[in-house]
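Before anything else, here is the set of structures, which you'll find just below.
Same chain, two partners: chain A is paired with chain B first, then with chain C.
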Partner chain A sequence: MIAVELAKLFRRPRTYVITGLLCALPLIVAIFLATTRVPPPPGQGGAFLSAVLSNGALYPAAAMALVMPVFLPVSVAVLAGDAVAGEATTGTLRYLLIRPVGRTRLLAAKLIALVVFVLFAIVAVLLTSYVTGLALFGSQPSAGVALPADVTSLSGVTITPAGLALRMLGTVAYIVISMLSVAAIALFLSTVTDSALGAAMGALAVLVTSQVLVTLDAAAAVRPYLPTRYWLAWIDFFRDPVLWRDIERGAGIQLVYLVVLLGMAWANFLTRDVVN
Partner chain B sequence: MGAHRTVVSAQARRRWVVVLAVVAVLGSLPVLAGLRPVRAAEVGLATLRERIAASGRQAHEGYALSSGLLPLPALPDLEQVTALVTGTTELRTWYAAPDRWRVDVVDEAAERDLYQTPDAQYAWDYGQNQLTRIAGAQPVRLPRGADVTPPALGTRLLGLAAADRFTPLPGKRVAGLAAAGLRIVPASADTTVAHVDLWADPGTGLPLQVEVTARGGSRPVFVTRFLEVHLRTPDASVLTPPAPVAGMGFTVTDTSDILGAIDRLGVGGLPERLAGSPREATAVGAAGAYGAGLARFVVVALPGRLGYRTYGRLRAFGQAVTVPQGEAAILSTGLLTVLAVRADRTYLVAGLVQPALLRRVAAELAGGAA
Partner chain C sequence: MIVTRDLTKRYGRLTAVDGVHLDVREGDRYGLLGPNGSGKTTLVRMLLGLVFATRGEIEVLGRPVPRRVGEVLPDIGALVEGPGAYPHLSGRANLRLFDAAGPGGSRRDRRRRVDEALERVGLAGVDRRPVRAYSLGMRQRLGLASALLRRPRLLVLDEPTNGLDPRGIREVRDLLTELNAQGTTVLLSSHLLAEIDAFCTRVGVMDRGRLVLQDELAALREPTGRVVVATPEPERVVALLDGRVEGRDGTTLTIRHADPAALNADLVAAGIRVTELGPERRSLEQVVLDLTTTSADRVEAA
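Entry: the complex of A and B
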């Protein structure tokens, strides 16, 4: 079942189109930065953008900050919203369930396929942005002074290439986990409606509401429980020492949303009448 | 017509019950954690005061959050100071000894760190990509993030409140520790502070949470508290400032901020007495402190352009004050009162004091009876 879903994922052109679009955004930003050499002031604008002009090795982190808040969640919501509702819309859900597979397994396979997509997309963004960063900015400082391929952390401490690789791995893992709540919300809605667009829009409505409440002081009491509260906590991998507090809480809250929303999807989908 | 109950609908209902049970369990965990009984060690009020006052040698490391609700506009060149009392500040702190500590002010994608070493202070600002070595004593400086950690603020307020009234408070759990509490009620009618509530680790006296409530207020307008704290000596590597590297700005200075720079310009010349209080004996001329306890206020003489901009900002957000010569504007936030006076030079005055007191100060600075 999982193999079938993965094969379907990688057979569809839209997987590559969405990934291509995700990779294109950092590329466009890099071209503008490299052409004009006008970065945002340090500490303002996109995270790490001010540092990449002197060392392109940090550009993958800047690329993550560019795609993470909007582009990546939208992609996941669209794909997850389509997971079950899309099958119903095209009339294939009934035939899918005629096969000797349980609906629980189908949901699990859909979720695993979404996780694999997120992993695939993030790795693609990281690799393309790393190549882009080195090609357009190099790993030498703009002043021409010899500089090792180290990068400076937010705390001013130098991160070695090995340390940078470890932190990027942590970033990838954290972002995959961060997308679990989006996937679970959209997947649940996808079992409620036959409209893939409706499910995706529903998930995005939840995320936008969460983002608004995160910035609202009056909503401070519920802030720690909002799905998007800790989305940017991966930046804490680039402090020295790593600030684990928000990373741990972010991973924990994503797992809670995953358990609850996946449970709701399971409760709703297992005995739902499938007419399409 | 009643619902038609089938085997399938009963199964669906059972699944939803399971899901709701999981939601109830997960949702109740934070509530149950908050309801754990607090059994702070029995410690007398006098002992707790002594331990807090002596907690400067207690090593610790932690993560703290300070939040101020004061409606104060950002003042020119003082944005980082006003941000401390108008918003939320995330702080990471590592403290080994009075001459070996580090405090980071953490923003979403930036960081401002301050290292105290036995030789000097080092300030790292990611936003400015700047490492600064601050050599020598700093007789005058602006408030900064390191001043609003619970231990720094708690011991400072306790030191100021020696003549005030103390009452015990019920214990509470702060950052997982059962903390003992005390309340400071100022004796002076000149301060805007109704009371300061302070909770500390009963064994070591380390302040864990400080709340400042203004007169007439029902809830604190400034709170700083640990969300995580460990009573252990931090690793030496954490307390070592970053080394300057190519591409990073590095300067050595003996003034940490604009206030120190103003002092070096020699703008000073402050009155010996204001509002009946003598100026505290300090070796600096640009800034002076007057008053006692929590009714203390600070006066700074600002140079021309900065003074002009600061006055304009306060005039826009505050109220005009009639003075014998020149002009003055006052801004009262309930807790902090700020005054700007333009006379022979520009003065900025601030303190946790009543507006009436600063109106007297305005009259004296602007050429009234000194």
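Entry: the complex of A and C
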């Protein structure tokens, strides 16, 4: 069943269109930066953006900071919202279930396909932005990578390319977990409604609400428990030494959301009448 | 093959299926009839474990459903409320995906299984066009192919000839007859009387969620005790059999008489020419119309 879900994922043109759009955003930003050489003022604009002007090897991290807050969660919500509701709409859900594919297996296969999509998209963005960064900004060969001053507490610290790769790996893992909780929200809603668009909309509504509350001082009491509160905590991977506190908390909260929402999706899907 | 006891499904205040005792036997060609909205589809969905019953028991192929539905589904081929396919893939790719999704059958035989199923439903020459571009009839045939993919012991078909032209309907009926002769039990649900009439040996009639009748088709159509006679000389017949003629429509007369053969002899003895003569039978349509009330899709003014 997992193979079938992956086949469905990679035989749909939309998978590549979404990934292409995700890759296009950092590319467009890079072209503007490279032609004007105007860095965003410190503390504003995307993280790492001023740093990449001096070192293109950091551009993948900047690209992640660009796609992470909006673009990536939107695409994950759209795909996850479509996972069950879309099958119901085409009428294929009932034929899968009487094939028979167990409901738990179906849900698990859908989730795995979503993980694969997130990984695929992230790797595509990382690769294209790495190439873009080197081509447009150049790099400092072999001297190691200087961590950007606006991110690190200690400016001028350099790490080895291997260290950078390791930190990027940590970043990818952290983002996958964050996106999985988005997927879990949309997947749960996808088992509730037969409208793929409704499920994606619902998940996005949760995320937008959370983003608004994060910036609202009046909501400070609930802030640590909001799903998007620690989304950008992976930036701490690029401090020296790595600042683990927010990363650990963020991962913990995402895991709680993931387990609770997947449980709800499972319980709902298992007992639901399939009338579509 | 299929036994249900007091099967009931409620959606909120609406009772879609109400205390149904269905009994489909091995080798049956069972026709489930009923107006739109009488609960046929909900009943079929419950048999397949897609919808969960509010009350009652279901047994399919000797196993309780939905508790052990996973064990019986591999032996069932089904078409429920229209075919379902991924619109951006070809028909063949769709069948391969469905074949790969479930248990049983090796990967090596997949191509052969898919080709056989397509051949059976008359889509052997289907090309790489996506299902999106298929006509309604082609989709219906593809849905049938999907149901036949695993050579099921039981076929559950809900409106299988939807969207097919008369020739296509005939082909499907011939295919089902052939499969039934090879031992496949067929449960056919339809609101088309002619389809059930032409194929089924047993019928169940549903009306507003209830199974109001379940019997052999032949028993339903036993003679009514009247004889239909067509003759160029209707006046002479009326004169001869005064009082027993119950209806007259041009040259066709309906006569109350127990024995058509004896009546024929009487008429011939009297020198009356007869073009047609036979016992009157209730039509399935009459049976169903007598038993059922209104269509759920009819909305009367208050």
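Note that the second predicted complex is superposed on the first by the 257 of 276 C-alpha atoms of A that agree within 3 Å, B and C clash if a C-alpha of one lies under 4 Å from a C-alpha of the other, contacts with A are read in each partner's own complex, and residues count from 1 in each chain.
Following the convention adopted for this analysis, contacts are C-beta pairs under 8 Å (C-beta built on N, C-alpha and C of every residue); 3 or more make two chains touch, one makes a residue touch a chain.
Everything numeric in this text was worked out from a predicted model, so none of it was measured.
Trainee: For A:270, select first, second, both or neither according to whether it touches chain B, chain C, the two together, or no partner.
Mentor: The answer is first: A:270 touches chain B but not chain C.
Trainee: When the two structures are overlaid on chain A, which partner does A:65 contact: first (chain B), second (chain C), both, or neither?
Mentor: Once the two structures are laid over each other on A, A:65 reaches chain B alone.
Trainee: Looking at A:232 after the superposition, I want to know if it touches chain B, chain C, both of them or none. Which is it: first, second, both, neither?
Mentor: A:232 sits against chain B, while chain C stays out of touch.
Trainee: With both complexes superposed on chain A, which partner does A:48 reach: first (chain B), second (chain C), both or neither?
Mentor: first
Trainee: Now for A:37: first (chain B), second (chain C), both, or neither, which partner does it touch?
Mentor: Once the two structures are laid over each other on A, A:37 reaches no partner at all.
Trainee: Which partner, chain B or chain C, touches the larger number of chain A residues?
Mentor: B
Trainee: After superposition on the shared chain, which partner residues are touched by A:260: those of chain B (first), chain C (second), both, or neither?
Mentor: In the superposition, A:260 touches chain B alone.
Trainee: Which chain A residues lie in the overlap of the chain B contact set and the chain C contact set?
Mentor: 271
Trainee: Would you pull the chain A residues touching chain C in the complex into a rising list?
Mentor: Contact set of chain A toward chain C: 1, 3-4, 7-8, 11-13, 90-102, 271, 273-275.
Trainee: Chain A touches which residues of chain B in the complex?
Mentor: Per the touch definition, chain B meets chain A at residues 8-9, 11-12, 15-16, 18-19, 22-23, 26, 63, 92, 104, 106-111, 113, 124, 126-129, 131, 227-228, 238, 241-243, 245-248.
Trainee: In their shared complex, at which residues does chain C touch chain A?
Mentor: On the chain C side, the touching residues are 42, 45, 48-52, 69-70, 73-74, 76, 78, 80-89, 93, 97-98, 100-103, 146.
Trainee: Which of the residues in chain A end up touching chain B in this complex?
Mentor: Of all residues in chain A, those touching chain B are 41-44, 46-48, 50-51, 54-55, 65, 141, 143, 145-147, 150, 152, 154-158, 232, 235, 239, 241, 243, 245, 256, 259-260, 263-264, 266-268, 270-271.
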